Each structure stands twice: as C-alpha cells, then as structure tokens.
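What follows is a structure written as structure tokens; I'll ask about it next.
Labels run A, B, C and D following the written order; every chain starts at residue 1.
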Amino acid sequence: MRTPDPDPNERDDDGTPRDPLGASFGAGGRPLGEGGFGSPTPDAAANPGWLTDVELAEARRRLPMLYVEALPVRTDGIGTVTEVGILLRATPLGAMTRTLVSGRVRYGETVRDALFRHVENDLGPMAFPMLPPQPAPFTVAEYFPIPGVSPFHDDRQHAVSLAFVVPVTGTCEPRQDALEVTWLKPEEAASDALSAEMEGGRGTLVRLALASVGALR
Amino acid sequence: MRTPDPDPNERDDDGTPRDPLGASFGAGGRPLGEGGFGSPTPDAAANPGWLTDVELAEARRRLPMLYVEALPVRTDGIGTVTEVGILLRATPLGAMTRTLVSGRVRYGETVRDALFRHVENDLGPMAFPMLPPQPAPFTVAEYFPIPGVSPFHDDRQHAVSLAFVVPVTGTCEPRQDALEVTWLKPEEAASDALSAEMEGGRGTLVRLALASVGALR
Amino acid sequence: MRTPDPDPNERDDDGTPRDPLGASFGAGGRPLGEGGFGSPTPDAAANPGWLTDVELAEARRRLPMLYVEALPVRTDGIGTVTEVGILLRATPLGAMTRTLVSGRVRYGETVRDALFRHVENDLGPMAFPMLPPQPAPFTVAEYFPIPGVSPFHDDRQHAVSLAFVVPVTGTCEPRQDALEVTWLKPEEAASDALSAEMEGGRGTLVRLALASVGALR
Amino acid sequence: MRTPDPDPNERDDDGTPRDPLGASFGAGGRPLGEGGFGSPTPDAAANPGWLTDVELAEARRRLPMLYVEALPVRTDGIGTVTEVGILLRATPLGAMTRTLVSGRVRYGETVRDALFRHVENDLGPMAFPMLPPQPAPFTVAEYFPIPGVSPFHDDRQHAVSLAFVVPVTGTCEPRQDALEVTWLKPEEAASDALSAEMEGGRGTLVRLALASVGALR
C-alpha cells in the first residue's frame, strides 16, 4: 500500500501480502522498522492495543502517510546525469503505467533505511545505489485524495513524499511482479508523452528531479 | 500532541483541548486541514469508522507522525540573518524548556498550510512570517522514542519533521500558555549552553538551521 | 557588461557609462564593492598596476566572470509563488528580448550585496525584495561563449552565475533604459513560447527556478 | 594559486610552476579548461592581447576569482557520512596546516570538470569520487583579503568558492607535495581543535558541510 503503487492487493508495501509484525528497534541502535501495523499477529496477543486491518485503514484516512520516492539515475564519470530510470508496471486491469521507486516509511524506521529498502525492493539487490549523504529531499511531493489540491494525486490516501535522486551503479533487476526499468535520456523523461503515462502526477516529479540535477531544459 | 510540545495535556496541537472534527477540504481546492481525528464528535455518528482516542493513540504508536518545524529569524535589509527566535515554555512540572515552532501536519492539510498555522499559533497573528517559496526543508529531523537512534528524541512517538527557516517581519506575541520568544544572536543560539536547554535534541536542529543560512561559525 | 545584458554599450554594469574607480572596503567591515576596474581614473595614477580597458577586456577573456541572477516572484500570504517577473528590454538593434535580473559580482563585494544591488538596479528602489537568507543558489548557470557546452550561452565571455529566486513585495519600476517587468503565471513563464524569447538560454533557468519552488508542472 | 593553497610558489593551481597556455574548448563540446592565462607562451605571439604575469596578478586584484572546494567523505552502505577527509600540508615555513580540496575554475572549464580535476589532483587517481549530480553547492564561501568581512579569509585575493561534499569510494593517495589525508569522525572534524588548525576559516566550512549531510551535532 504505497503511493506509487495503486494496486495494494497486488503488491504490498513489504512485498508480502501483509506485514506480519510490529516495528521493533534492532540491535546497534538502528531501527529495523520491520512490518508496520495492522494485521493480527502473534504479537497482537501480547499487545492488546494492536490495530486491526480495519483500524489501520481508518487511521490512514485520518493521518498523512509518510513516503519516500526515488528517481534512479545513471551518471557519467564526473556526476552528470545521463539517463533516468522509470518503472513500468502492469496494473491489475492489464494497463501499463509508469512510476518511480517509492514506498512508505515504517514506524521506527529511518528515512534513509526506508529509501534504501524501497530502492532495493524495486531495483533488485544488484543495483548498488549511492544514496545521497544529504537528509534533505530535493522536493516534498504531497499527494491528496482529491485531485487539484496539488500536482500529485492518490485516491487512496493523503501521502507526503520525500523525493530523492539516487545514482545507481549496478544492474537493475526489478522483482517478479511485472516491474521493469526503462532507461531514458533526460529529455525523453521530461517529455509530455512520458508525463501523460505516469501515475498520480509523477511526470511533474520527474521534471522537478531533473531540474534539481540541472538536466531539464 | 506535538513533537516540540512535551505537554500534550497542557497544550493541544490545535490550541484547544481536543480537535472537534475530521479533516475536510475547503472551498477553492485548498484543504482546510481542520482538526485531526480521534475524539468522539458529532461527525463520528455519521462516520462509524471514526477512531476513538484510544485507537488514535494506538495508531500513533504504529505510524511515523509528520511534523513541521520552524526556526524564526530576523534578517537585515539584504537577507542576512541577524537574530533567531527561540521559544521558552514552562513544563507542567514548572521547569523551563526551550524549543522551536513546530506541530503536526493534519490529514488533508498541505505542509505549507501546516507551517503557517503553527508559526501563527506560536508567534501570534502579528508576526508576519515570510514562508520560504521552496517546498524542500533545509533538513529532515527524525525523532525516535528510543534515544540514540538519531540526534532527536521524542518519547511519545516516532515523528518526522520537515524543518524550515522562517524570516518574520512583525511582532511576535506568543499565546497565553507561558510561551515566550527570546531573540538571540546566531552565536548564542549555536552555543552549547543553549543546546543543553533545548528539548529533544533541538539544539542540533538550531545549528543545522544556522548552517543552512551561513550563520554558523 | 553583464551576462543578462547583451548590450554592454547601452547599459553598463553599474548603470553608468563606466565605473569610475576601484573596489574599496567600506566602513563597518562591509565591502562597498563600488566600481570595478578598468577605466583610467584618478586612482590609476597612484596605482600603476591598474588595468586599462583593453587589459580588462583581455582579463575577461581569460577568467570566468562571477555573476548573480534573480528570478523575481510574487507570493501569496503563505509563500506560494503566484507570479514571476520577466524583464523585457529593447536591444540596440530594436529587437525586444526577455531576461532575468542579473549582473556581475564586483571585486570586494559580497554575493548578497551584489544580488541586492542588481535587483534594485533592475526593479527600482521600491521593489522591496526579500533576499533569501540562504547563501546557496538554487542552481549554478554556466554561460560559455561557445554554444552547446551547457544550456547557457554568452558570446562575450565565460560567466558563472549564482541564481536565486527573490520574492518582491513592493512596486517594480524598472530604470529608464527601456526595461519593463512583465508578471506571468508560472505556467506561462515555463512555456516554450516564452523560452524562445529569452536570451542566452535563460528559458531553462526560469524553469529550474520554478522547479525549485515547486511551481513547475 | 588557489584559495586553499596559501603557498602559490610551492604549489601552483595546475601542479606546475606556471600554466603554459590559454583555455581552449576540447572536442565533443567539453571545455578542456587547460591552463589559465598569463604567462608568455607560444600562443601569446599570435594573441597580442595576452596578459603577462604582471597583468594577470593585477586582474586578480580587480576581479573575484571563482573556486570550487570539496569535503571528501566516506559513507556507509546507505549513504550516511561516517568519516571526512581533511588535508594536511606543510607550509613553506615548515608549519603544518589543514585544508580542504580546492582550486580555481579555469576559463572555459565547467564547474563540474574543475571539481573533478581538483579532487583527483589532491586525492589521487584512485580516489574514485562520486561527484554529486546536483549543480548547486551546499554553500558559497566568500574569501576576502580583509579579515572579518566574512568567516573566510584569503590575503591573496577575493575568492568565491562553490563548496561540495564528495563521497569517495577508493583509495586516496595525495600527491608528492607533503599532502596527506586524515580521516576523522564527524565530531572530530567539527571540533574547535580542528577548526583552529584550518586555514582561512575553513573550520567553519567543514561544519557547514557536516550540517548539510546531517552529521553535525
């Protein structure tokens, strides 16, 4: 259930049908951020306040959800962006849509960990992303369930997304769920044609990302 | 119940004991973002899925909460920061703590609206803040309930805060709840002495803010 | 002789036919940065190493020149950009071109002082600009005398320009030299039509500026 | 002759005693930016306007010089800065000073090319720097010959420096001229002790760099 993922039933935020357990902080001070909330689990017995799926769905209608998004890029030897990676995916209805890497930040998880997790999830373990050292996103994309409030739209929720440009140096092997990465020249990625194919207004987000790296004309 | 506000009972996120109703989108396409969620209200009868206070409190233990924070500054005629505003507040136990302007982003509310609302709430209607036109914060501060995960700590919740520097041009008249604004020189604001007085690690946030405006030595 | 000013003879960097004297540091530690270099002046007698106009012109063919540029914007009460100001100017040949506020940084002058000086020079003393407190530009525009090296072109020189978005709150009264400010909606300012009218590739710079404030679609 | 290099005679901007020739644009549209200006060269015969060393030195007293600077960092697998590299160098007088990677941008050279060239020059060909894709620096450091105008000082010139954080992934082997890279923890790099050892006020620049990557406390 993620902003860039309009098909919550087809592809869960975790890549599994449901997140099996609550967040916990891992050893070494780094929050694992595993799982989210919601489903009845073994923990739930010990945690009577645990939200059921229904309660969670309600919470999501009452709170802005925090997301991260990434535009994967390839750079030349001195850091100039030469190509950008756009994800292609089949919707449950069989249509093809284009989107960015993205997903929810879990309870207890750092933004950086969430960004890495979603990049790896969408691009595979051999992508070798170079996450930017800066914590500040190049923009904040706000998705509202009602179109027109902002350039971005998500009929499932109010999501606020921290957006980053992430150079990848390895090989991208998207997961099995009909996801594919298309590498485009910056001018192709900025085109109206591509923009029209992107879901939720993300054509705008691609352009803002390109602008942040000086690759928009 | 806000990150910079350790006293949820003393000062609610809305400046009222409880938010009376759910978010709605206002006329003109701009989300009012009024109220949050939680309390039984007249709406609740018509909205059987409404979260009770208990359910909300649970949700907040399962989801990262989105916040905005602002360091108010005074600038000279050409934009150089000359002073920064630090809030002083008495805790319920009578201790004085220092903090920044901050508060939660409500469901359906834009980040910009939330930022304006909290600045006005904390500095009064005559502060005349000049919100930055850029949507990107100077940093993202992550507050975890377990100390040491990040420089920032909030034992009530996992909060992710978009932090901005906001020049104010008018007169600051904090609200009645023992809040006071102290204007400090940048070097005073960056001092270890001030940092030690600030709650939740916000001394670090002040320094990052000063660095973003080139006012840290 | 400035990047945005293709008519060095018509409009000098200082708004005067020639800068009469070398830079000096003013009282109070703030460099006045008055004047530049070049013309024989009373000082020149006392400063035998003074560059003549010819020598200066040579220096400019040997060194990158440092510039500042500004996109003036109008914002609503909460900082959202509603309009951008584009300068219209007649060239010596009678053609109309569009450009941004810009000009050279003088020896001994701070970037901030230069930015203020050029905004005031191009928009008049009643523009009341709010210079951003941050020293970092939203982008660095590199103008080369040979087209195609970058999106930006200046056949007179290699200029490196620090570009800022500057909200103005007053009334713009451009100076007498046929300069006019046109206020455009962000979507108009980002259009191909406007871009084609702008000199030196500054249509791209307008788009990057709009992207930095989230006003590009 | 570079801002971070107080010893122009010991180490030239090009690593050679003098730059032998003027800038030219290389094949493929990329400016080579080789050499600067100044010395009599074979070209000079064909270019009667060529500046002599004396004329150049004069130009540098009349124009702000454009520089780039870099703080090399090491990051963990998800982009968090773990160490920063500080250069150690012996001055001609035998004292040790600390500085950053830096150097001048040549005529016809892009900022990105200059940044890469100076990183390679100071850290060696096996450093494998990952230059940031963004053209905007994290700050602009202004060095004035008169102390106190800004936090930065260079008694040789007025230099304006675009400063970047550059992750390096390889092995740093500084060149032969007594240069050494010391890797420090962020808290060590931000200390007053280190700051006092750094030339020209660059202790402040290190702190601003650390702040930009969220590594300053």
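Rule of thumb we're sticking to: a contact is a pair of C-beta atoms (placed from the backbone, for glycine too) under 8 Å apart; a residue touches a chain by one contact, two chains touch by 3 or more.
Since we're looking at a predicted model, the values are computed, not measured.
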Common contacts of chain B and chain D, by label, are A, C
Comparing which residue numbers chain A and chain D contribute to their contact, where sharing over half means same and under half means different, the two sides are same
Note: of the two pairs B-C and C-D, more contacts are counted for C-D
Cα centre of chain A to Cα centre of chain C, whole Å, reads 39
Rounded to the nearest Å, the gap separating the Cα centres of chain B and chain C is 37
Between chain C and chain D, the Cα-mean centres are separated in Å by 26
Residue ranges of chain C touching at least 2 other chains are 135, 138-139, 212, 214
Counting only contacts in the complex, chain A reaches chain D at residues 73, 75, 77-81, 112-113, 115-116, 130-135, 138, 165, 167, 212-215
Chain A residues touching chain B in their complex are 22-23, 25, 29-31, 36-38, 49-51, 54-59, 61-66, 105-111, 135-140, 142, 144, 146, 148-150, 158, 160, 162
Within their complex, chain A touches chain C through residues 139-140, 151, 204, 207-208, 211-212, 214, 216-217
